[in-house]
Each structure stands twice: as structure tokens, then as C-alpha cells.
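Chains here go by letter, A, B, C and D, matching the order in which they are written, and residues are numbered from 1 within each.
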Amino acid sequence: MSREGVLLICILLSSALPGIIIFGLREESTRLRTGLNLLGASLKLTLVVAMDIGIAQGRVFEVRLLLMPGVEIFLNGDPLSALFATLSSVLWFLTTLYAVGYLEESPNRSHFFGYFSLCVTVTIGIALAGNLITFLLFYEMLTLTTYPLIIHRGTEKALLAGRNYLVYTLAGGGLFLFGVVWLQSIAGALDFSSTGLPVDLLGKYHTELVLIFALLIIGVGVKAAIVPLHGWLPQAMVAPAPVSALLHAVAVVKAGAFGITRIVLDVFGIENVLRLQLLPSLTIAASLTIIYGSVRALQQDDLKRRLAFSTVSQISYIALGVGLADQSLALIGGLVHIVHQGLMKITLFFCAGNLAETLGIHRISQMNGVARRMPLTMAAFTVGALGMIGIPPTVGFVSKWYLGLGGLASGNWWVLAVLVVSTLLNAGYFLPIVTAAWFGKQAGPWPQDRKFGSLETNWMLLLPPLVTAFIIMAVGAVANARFSPLAWVRFIVREYGI
Amino acid sequence: MLTTAPAKYRRKRIDPLVVLVFFLLAGVTAMLGRTICIMPQQMPGLENEVARHLHNSGVASPVTAVLLNFRGYDTLLEVMVLFLAVLGVWSLTRATFVGYMGDVSPVQLAMVRLLAPFMFLVAAYLVWQGSHLAGGAFQGGAVLGGAGVLMLITDLPWLPMVPARPLRCGLALGPVVFLSVALGCLIWSGGFLVYPLQAAAFLLVLIEAACALSIGLTLAALFVGGRPYGELMEEQPYEGGSGQGDE
Amino acid sequence: MMSTNLLYSLTGLVLFALGLYALIVCSHLLRKILASNIMSSGVFLMLVSTAYRAGNGKIDPVPHAMVLTGIVVSVSATALALVLACRVQETSNVTLVREEYQHDTSGA
Amino acid sequence: MLIFDADAWIICPIVFPLAASIFFFLSRRTGPVAAPVAALATGVSIIILLRQLLLFGPRHYYIGGWQAPLGITLRFDGPAVLMLAMTGLTGIGITLYARGYFSFRIAAPKRVGRHERQERFFWPLWMMLWAAMNGLFLSSDIFNLYVTMELVSIAAVALAALSGKPASQIAAIRYLLVSFLGSLSYLLGVVFLYKTYGILDLDMLQDIAGAAPGTRVALALITIGLLLKTALFPMHFWLPPAHANALAPVSAILSGLVVKGSFYLLFRFWFEVFSGAISIGALNMLGILGAGAILWGALQAMRQQRLKLLVAYSTVSQLGYLFIAFPLASLEGNMKVWGAVIFMAMAHACAKSAMFMAAGTIYLHIGHDRINELVGIRAYLPVTALAYAIAGVNLMGLPPSGGFIAKWLLLSASFNSMQWWWGVVVMVGSLLASVYVYRVVCQLFIIPEGYTIKKQYPRSHLLEWPAFTLALISLLLGLFAPYPLHILTIGSSNVATIIPGGPP
């Protein structure tokens, strides 16, 4: 195995091993557990950055492992996987810090952090997957590792949410498996490549390929919460805040969106997808989801539920960008949104968790004047919210700008309309929160009020959202810098030669 | 003991399902019968093979040769099946026969007292003759078992008098001897159940004798239908194995 | 003309079928056990009838050995079945195999 | 060490447990101490066989030095050794678990005599069953197979009745009658074969067996007999009560191992020995029954209120997958389907015995197995709860479990042979499996607010870890798939041959 291959394995092990060790730890050994967690997180971050640099230098990162005759586990670090892997490892680091603070006194932490680490391992596995089988393998394992996190609280509501989650994802996983096997029986075991399927298959298996595409997209669409497959996501809100943050920004939803990207770009190939005329349906589904999610978000009073519906809407920007893949600008907008949405959404969830943990606030109607009690948290929240709306210089603006340009370039004026409407809706459901928090009058005492010395809340809860808020601003401001996500996405798109 | 079914379970009218089963079975049987009829009626079996190798088997009777030598492995397993039956029966319940007799006519008593020793003799003869004529361990064992059963139902309760350990040893004698000989052959002549030619006759008689004893004992033990008292270390007398199960 | 061996074979087959019929139709345990014994007798009869059919007067000893083994196996199974049937009658007072008794719903 | 030739190792997996069985019968006290030793010895002998297979390829061993057709031949090839490995792995696990189980029960204050009886007879019966299973996989003589099958059945019935519960005894006698009927049907098939060919050796039969009328009838009779013993839907009625009412280690043995024996024979008969006599219609019939088993078993499992019954019905369902392989094997290159079947059998053996062990541990600790009242088990039996969950992952066929590999192979075989509908059945079965697995896992893993452990239970590592280890093996089996699949191909020419008799 080459040095690069070893690096890939180490990236996976850097969170898997701490996870397994943590399972065996006793509940009381908090310090050791935290140490292991942070060690794993920082190690992983370092290794992923090393991989990024290697990829930028043109080195090849590959590991192959025979699973059965004709079926390989193939890990491959290409620019697209680097994008997702980097996002995951950065945000995992912050989320771990946050989770340590968040769960300081709750029971079953060994259990929680064990699955937490495995979950990230699997997410990175999805990022690094080099063929559909490997992707499938990690994709199914993601279901298994996130399920215990969702039901972590063990309440009736959590169990119900968990059940729905399983119903949706396992059914989706089943369809996905079906599609994968079918595709393999037609095309053989194919690695991801920028060219996609061999062209000669298209004529021979036109109908089959369309069906397979539908199966695969539905399979990943469940996790990406594309309407009408989104039902599990708002319910999954009962999970602890770090889990929600992880689910929405990094792991599950993002894995789904990433899957759509992979299927369109690397499994079928843009040329083939265009030839089969599969993209319009994807674009339409994405647009509907964007509008639907925003409208539903408007109606929610529960803060986390509003954020959840906002995720439904925002994730589909990625699908929209991929759906317009023939336009490089739109594709850039979609891909870069993988990173941008993650940053913004995780900030918002961190802040929501802070409010709940410190003041017991769960509803938007309770938030009047909360910014005077927790100015830093609400500042971060405001940055995230403005980003979601798409106001410069935040990162949200960059995504929407590119998507809009792409839509115009492709001649689909309605894409622009969708963007405008969704921006207005975004503003409609985020701005009232922000104004109420900053300018509203506190109606009564907070449901609870925990004191943390001179800080407004535990420093481990405060630091992560501030960092991500800063990144949102910074990355938005210097979007054209050499190592910004945007530059990296341009690097990716160049490979597809559109 | 089992009783016959109470009257309400007896069928009064003809169940259509039964008719269906009847005709179905009749059809299948007819089909099988037809297959038997059209099958070649004269088809050599393995008699020539057996005849060719008989002189190497150590016995003169072809059936015994097949049983103990050519297909000795089958017979080893068969002895194990009997042994297993005792194990299974013992695991189920205590012997219920102990102590119960009822009226035995003096004629029967006298008859059995006379007959039993004779039956032992016949059994021994059958085992011995098995090496060249019809007969062998199973026939001998069956007669032995018959004698045992006769004695048991004639108020000669010899079985409860045998202490637990010797009884176990007696039951296991056949399997142990057979298996030991088989393994001994492995060391002696390099193959499982490959009898050394010069010792084959002796070994076969040894196996037959041990098995006959065990089979006789086994049949009697099966007839009694349960483990003897003293088989378990902490068993209370007349626990009876009944009562509500706890799992 | 029907040869001896064929006659025995067919008789064995009929015995087997009769036993099978009784096994299916009778619900009393003892009858079921007896029925299965008749079935095995039928099979053994068929098996032993194959011993004499080479046409040259020679007798094949292998079926004999197989029948002997089969009888012993059948005796063992029957013994276990009878004792089990007694136990069933003792503990649950059931002599019929019927649906109601197959699930122990109490769980304890 | 010994002067006999290396081939003689083939009898060790049979002789070791056989001798152990007699020994445990003779001496009342040694069972718990010596059983792990005997199990380990058997395991080691299987490993040695495996090594010999890798070094020298498949072998025949003539017992008593008499070659077929006169004598009985033992044969080990890839599939047989893999099945032996299955019994070895599961057997060692079950033996260790049973030790923990009985010592835990005997430590419990109630009904001392009964518990002693159970342990006293468990060891010899189990060892005998194990020996017979190994004999079954190695034997290459149709009549000898009958004897080993009877040995297996009688031991299995005695074990099933061992718990002493009335329900278990009724279940056991049904089991005995069904299994006896199956054996007789099989034996009748053997009679037809002997009438037709005058031969009992499988390899020789394979060379000469054609589509003669006697062959088809014999194959039909043998198939019916083996199907009864394998409990294929709709002949499964005896299985759930027998498996669910037995003692936990016994349930593990019955569900994990015993049903696989007759299935293995069936597969071997159809695709090696009588591949010339099978027809597409019959294959599809078996496939349909298999599909029925998958769906019906899963639906029944969802409805059960008792954990052990649920697990038992899931066995009915999982056995169905094995029969889906039949119609696929006719068209697809045989290798893939053999792989699927062997994988399914191995993974299911490990997972199902782990499940029954976990269920038994739960039963021992809380005194019942009503699914709706299993809340909070994780709090004091974390390893067991996890073992159950992992085994469940296997039944659902999610990666990286062995069950996933099996389902993958089945799916891809179904697409490659243009019979995608079998693939649909497999997928639906997996989804249904996840429903019934989820029902229990969700209960096990809930810890309600304010839940406290009522009393401090004694911890028994032997109760928890064997189940966990077996579950883990079944989970990780998928990652090591190339090795078993490689061993399978050593199997002999039989495995690699493409089945004739089907359309091109």
C-alpha cells in the first residue's frame, strides 16, 4: 500500500479507534474521553489537510480492498471528496468541543461519544468512497450509527422520530442497493470518474438506466430530504443539539446531497445525464423543495423545527446546482453550497442549542430581547441568518450569486425566480427572529437561567458558534482567495470540462 | 400412561379434508407404484463386491461383514443412535416402572425363571454365530433385551438393583468398545476402522459381544422409560420431573 | 408376471402410504407414533426386497445391513417418542397434537 | 505425533465430540469443566482440516479402507469445510455460553433438581448432536447420511424437550414426528436410488445419475424429506414452538445449526448429484416457497409478543433466502449462488445463535421475554443488548455484515440471470426484517427518564461475551468475504460446473 493509501486509512482510523475505545470507557472517566475525542478530532483535521495539500499537488490517494470477486472497496481522495472530508473534519472538531460542553452532566456519554465518533468516521468514508459499492457500504452504516444518536434521549418522542428515520432511510437504502446492483449487472463495477458510464450502454439500456437513475436518486434523496422524502427530518429534531448540528450540516443530509452530486457527476457523467434528459426532473424537484421548505419554515414556532425546514430548503440548492450541471457557474454554486450551507447551519444550531441549554428557550416567541442576555450567541446567530438570506459579504451570497448566474446562463429564468422567492421567504422567517432578539422587549423571566461566571454561557458552547460565524464572514469576504472553498470548487469543476 | 382418545374427539362424519388426503395419497402411491413397476427389475446390487472382499473381512457371514466391516461406520453410528435414545429418554423423566408390579401368575413367574437363563444362552449363541451365519450383535442384543423385559414385567425387578454407575458403564460399553477399536485401528493399521487382517475376527467378536450386552441393557432401559434413581446427584426421591416448567 | 421382489416392493409402498395416511389423519399421539412405525416397516420391506433381484440367485447383503440399521434407528426414535408422549400427557394432559398447545403465551 | 496418515484428521471433528458425549454420560460432574476443552479440540481439528484443504485440496477418506461402492467415503471439500467451520465457531460459542447459562441457573435458588437434570444431559446430547452434524457435512454416502440425520434429529428433539416445560415437550414431539416423517421420506428416496443404481456413494451416483424415472421420484422424495426437516414454508409449523420453548443454548443450536444440515444436503443433492434430473419448474417452485417463507416468516415475526418466538419466526424467514438461491442457481454461474448460500448459512448461524443467546440472557435476568416490557435492558446488560442489535444488523442485511454479502450475491445473481423479481423479494424481506429487529432493539435501548436498576444482578461474562463475539463475527464476516469464497472454489469440480438442464 502506498503512503497515500496509508494516509486514507489513518483518516478513517483517527476517529474510529477513539470511538471504539470510548465505548469501553466508564461513564466517570470524563477527562480521558474528552481527551481522546479532541485528540482524534485534531488528528483527523491534520490528516485531512495533509491530504488536501497532496491532492492540490496532484498526488493520487487510493486504497483498494477486495470485498468479493468483482466487488472492491475503493477509497479515493479526489478533489470533490476532499471538499466534503475537509468540511466534515473541521466541523466535527468544533462539534466535538460543543458536545463536550453540551452534555456535561447528562447520562450515557460513553455511548453517545462512541457513536458520535463512528458517525464521523462513516461520513468521511462516504466522502472518500471511490465507487458506488463503497459509497453504499458507508451510506448504510451511516444510518446505523446515527440512529442511536437520534434516540439518545430515550423518550417516546425520540423513539418515534427514530422509527420514522429508520423507515425512511432503510427504505431508501433498499432502493439504493437495488439500483446499485442493477447498475452493476449492466455496466460492471465502475469506479467514480468524471466521464461516467461508457457511452455505448446508453443506447442499449436506455429505459433501464433511467430507472436506475431514479432508484439511486430516490435512495440518496431520502437522506437529502427532498420533498416528499423529507418527513423524517423535522422530527429528528428531538436529538440533542450537537447531533442536530451534525445531522444537518455534516453527516446525514449532507451525505445525501453529496450522493446526488456523485451520482450525477461521477456515476452517470454529465454528458450521459444530459443525453438521457434526466436533469430537468431533478431541477424541478429541487426547486419545489426549496419553496416548500421555506414556506413550512415560516409556519414554525419551535426554533429547531424552523431550522429543520430551513435545512430542507437549503440543501436543495445543492441539488439545484447539480441539476443545472451543464452550466459550470450553477455547478460551482451548488458544490460550494455544500460547504457554505454546512457552516451556516451549524452556527444556527449551535446558537439554538445555547439558548436551550442556558435559558431553556425552545420557541421563537420566547426569544424577545434575548440578545441582551446573550449578545455573543445572538451575534453569531445573526451572521448565520444573514448568510442564509444571502446578504453579502457572507458565504450565502456567494452560493446564490453563482446559482443565479448559472440559471441565467442556461436560459432558465425561472431558476432566478425560485432564488428570489426563496430569498424573500428566508428573510421572512429569519429576520423576525433577529429583530425580536435584538430589539424586542423581554416579556418575562427566562424559563431557566444558568450562570457561567462572567461569560454568557459555557465557553465550550460559546466558542464553536463564534468560530463558525467568523469563518462565514471571512470566507465570504475572501471568496476568491487561493484556498477558499470557491477556488477549490472551481478546481473541481475544471475536471469535468464543462 | 396414555389413554385412548375420549369419545368427543372421535370423528362421526367424514371430513372432506380427510377424503382429499386419501385421494391425494392414493394418487401419489399409484404414481410411485408405477415407477417401481417400470424400473429395471433385474439390477445387480453390491453382492459381487461383497463376495469379492469377503475373505478379507474376518467373518464368513456377508451380512455381518457388511455391518461391522464394510459399512462399520454406519453401525458405529447406529450404536450411537441407541445410546442417544437412552440419553434422550433419561433426560426426559424418571423411571416410572420402579416398584409397580401387580399380580403375576405363578405360572408366568416359573416360566420366566426358567426361560431367562435360556434366553441369555441363546443370545450368546446368536452373537457367536453371527460371524458365519445369520445373527450378530443386534439379534443377540434383542433377545437379551427381551429377557430383561420379561423379567421386569414378571416381578423380577433386576434393573433398579443395578447401581447407577455400573448401569451407565454397561450402557456405554458397546459404544466405548466400538469407538476404541476403531481408534485403535487408526494407530495400529493406520486407518479408522481398518481392522488388521489377522486380528479382524477377534475384534469383530469383541465388538459384537460388547454391543450385544449394551443393546440388551439399552432395550431394557428404554422399556423402563426413564432414568433410574441416583442418576442425578441432588435429585429428590419421586420428584417425578413433573410440575410447572420454569423456562 | 409379477416377480416376488416387485410384490414385496409394492406391499411396502402400500404400507408406507397407509402409515402416512394415518399419520396425517389421526390426531392421537399414540396412533401417530404407530403410524410412523408402520411407515418405517413399509420402507424396510421395500429395502429388503431389493436384496434379491440380481437374477442369478445371489443375495445382496447390503440391504440387509441397511434394514438392520434402519430398524435400530426406528426403535430408538419410537422409544423416545413414546416416552415423550407419556411426558406430554403427564404434564399437560394432552394426547392430541393440536394448534392451541403450540404457543406458551404466558412467557413464564 | 501419531503414525496415521494426515488424511485421518477428517474423522476428528466426528470422533472428538462423540467421545466427549460418551464421557460426559459416564461421569456426572465433568461436563461443565471438560466441555470447553472438547469444543476447543473439535475446533482445532476443524482448523487443521481447513489447513489441509488449503494445502492439498479436497480429499476423500475411505473408512475401513473400503473404497466405494462397498465402503463409506468421507469427503471434505470447500463447502463442507466451510460448514464445519460454521459448526466449529458457533459450537464453541454455544458451549461457552451454555456453561455460563447453567452455572447462572444453578446459582439461582429455585428448582435445584431440574437445573441439575438439564445440565447433566445437555452436555452429552449436545456433543452427540455436534458430532452428527459434522458427520453430516463430511459424509458422502446416502445411507450413512440417513443415519447421521437421525442422530441429529433425535439429539435435537431430546434437547428441545430438555427444558421440561409442557409447551416445549409438545413442541418436541411434533418436531420428532415431523422429523421422523422427513427421515422416512428420505429413506424411501434412498431405496429408489438403490433400486435404480445399486449404489450408495454420492460421487458415483453423480457420475451415473441421469434423468431416469427412478431418479426423479427419488429426488422428489428426498427433497420432501429434507424440506420437512429444514422447515421451509409451509412446512415450518413445527419450528417456531420447538425453537422458542427450548432452553436458550438449545434454541441457539437448533436455529443456528440443525436446520442448516438438512438444507446443505438438499442443495448438494440438487446441484451436484442430481443436477441432470432437476427441472426449471421445480426450481421455481422452491423459489416461490422460499419467497413465501421470507414474507410469511417476517410478518409472523412482527406480530409476536414474545422475544424468543419472534427470533424463531425470523429463522423461518431467513431460511427462505436460502431457497431463493435455487432458481438463481440454475441460470447463473453456480459459484455466486453457492457463495450466497454458504455465506447466508454461516452468517445466519452466528447471528441467530447470538440472538437466541441474548434472548436467553435477558430471560434469565428479568424472568420473562415479553417484548413490550423489555425497556431498559441496556442499563444492566449492555453487552447483550449490543449483541442483539448487531445480530439484527446481520438479519437486515446491512453492510458490512455477512448477511449483506449474501444478499448482494443473491441480488446480483438475480439481475444477471434476468430474474429480477427474486431480487425484489430479497429487498422486501430485508425491510421487513428491519421492522422486527427494530421492534426489539428499540425496547432494549430505551432508558426511560428516572429509570433505575431495581436490583443488582450478578454479572456473568460467559453469558454475555460469547453472544457478543458471535454477533461481531457475523458482522465482520462481510469484510473477509474473499477468504471463504476462495475456500469455496477449492470445493472440487462440482462447484464450478455449470448446471445443465436449464435453458441456455
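In the analysis below, contacts are C-beta pairs under 8 Å (C-beta built on N, C-alpha and C of every residue); 3 or more make two chains touch, one makes a residue touch a chain.
Being a predicted model, the structure only gives us computed values, none of them experimental.
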Centrality ranking, top chain (CA atoms only): D
Distance-maximising chain from chain A - centres being C-alpha averages: B
Selected pair, greater C-beta contact count between C-D and B-C: B-C
Centre-of-Cα separation between chain C and chain B, whole angstrom: 16
Euclidean distance of C-alpha centroids - chain A vs chain B, Å: 71
Between chain D and chain C, distance of the C-alpha-averaged centres to the nearest whole Å: 26
Chain A and chain D: spacing of chain centres that average the CA atoms, whole Å: 43
For chain B, residues that touch 2 or more chains besides their own: 32, 36, 43-46, 50, 70-71, 74, 78, 81, 84-85, 88, 92, 241, 245
Touching two or more other chains - residue numbers and ranges from chain C: 9, 16, 20, 29, 50, 60, 62-63, 66, 69, 73, 76-77, 80, 84-85, 87, 91
For chain D, residues contacting two or more additional chains: 143, 147, 150, 154, 157-158, 161, 164-169, 194-195, 198
Interchain contacts (touch definition) - all pairs: A-D, B-C, B-D, C-D
List of chain B residues in touch with chain D within their complex: 31-32, 35-36, 38-40, 43-46, 49-50, 53, 69-74, 77-78, 80-81, 83-85, 87-88, 90-92, 168-169, 171-172, 175-176, 179, 182-183, 186-187, 190-195, 231-236, 239, 241, 244-247
Of chain D, residues touching chain A in the complex: 339, 393, 396, 398-400, 404-405, 408-409, 411-412, 415-416, 420, 423-424, 427, 430-431, 434, 438, 442, 445-449, 478-479, 481-482, 485
Interfacial residue positions of chain B with respect to chain C in the complex: 1-5, 9, 18, 21-22, 25-26, 28-29, 32-33, 36-37, 41-48, 50-51, 62-63, 65-67, 70-71, 74-75, 78, 81-82, 84-85, 88-89, 92-93, 96, 138, 219, 222, 225-226, 241-243, 245
Chain B-facing residues of chain C, complex: 3, 5-6, 9-10, 13-14, 16-17, 20-21, 24-25, 27-30, 50-51, 53-55, 58-66, 68-69, 71-73, 75-77, 79-80, 82-87, 89-91, 95-96
Complex interface listing, chain D residues touching chain C: 143, 146-147, 150, 153-154, 157-158, 161, 164-174, 176-177, 180-181, 183-184, 187-188, 191, 194-195, 198, 200, 237, 240-241, 245, 305-306, 309, 367-370
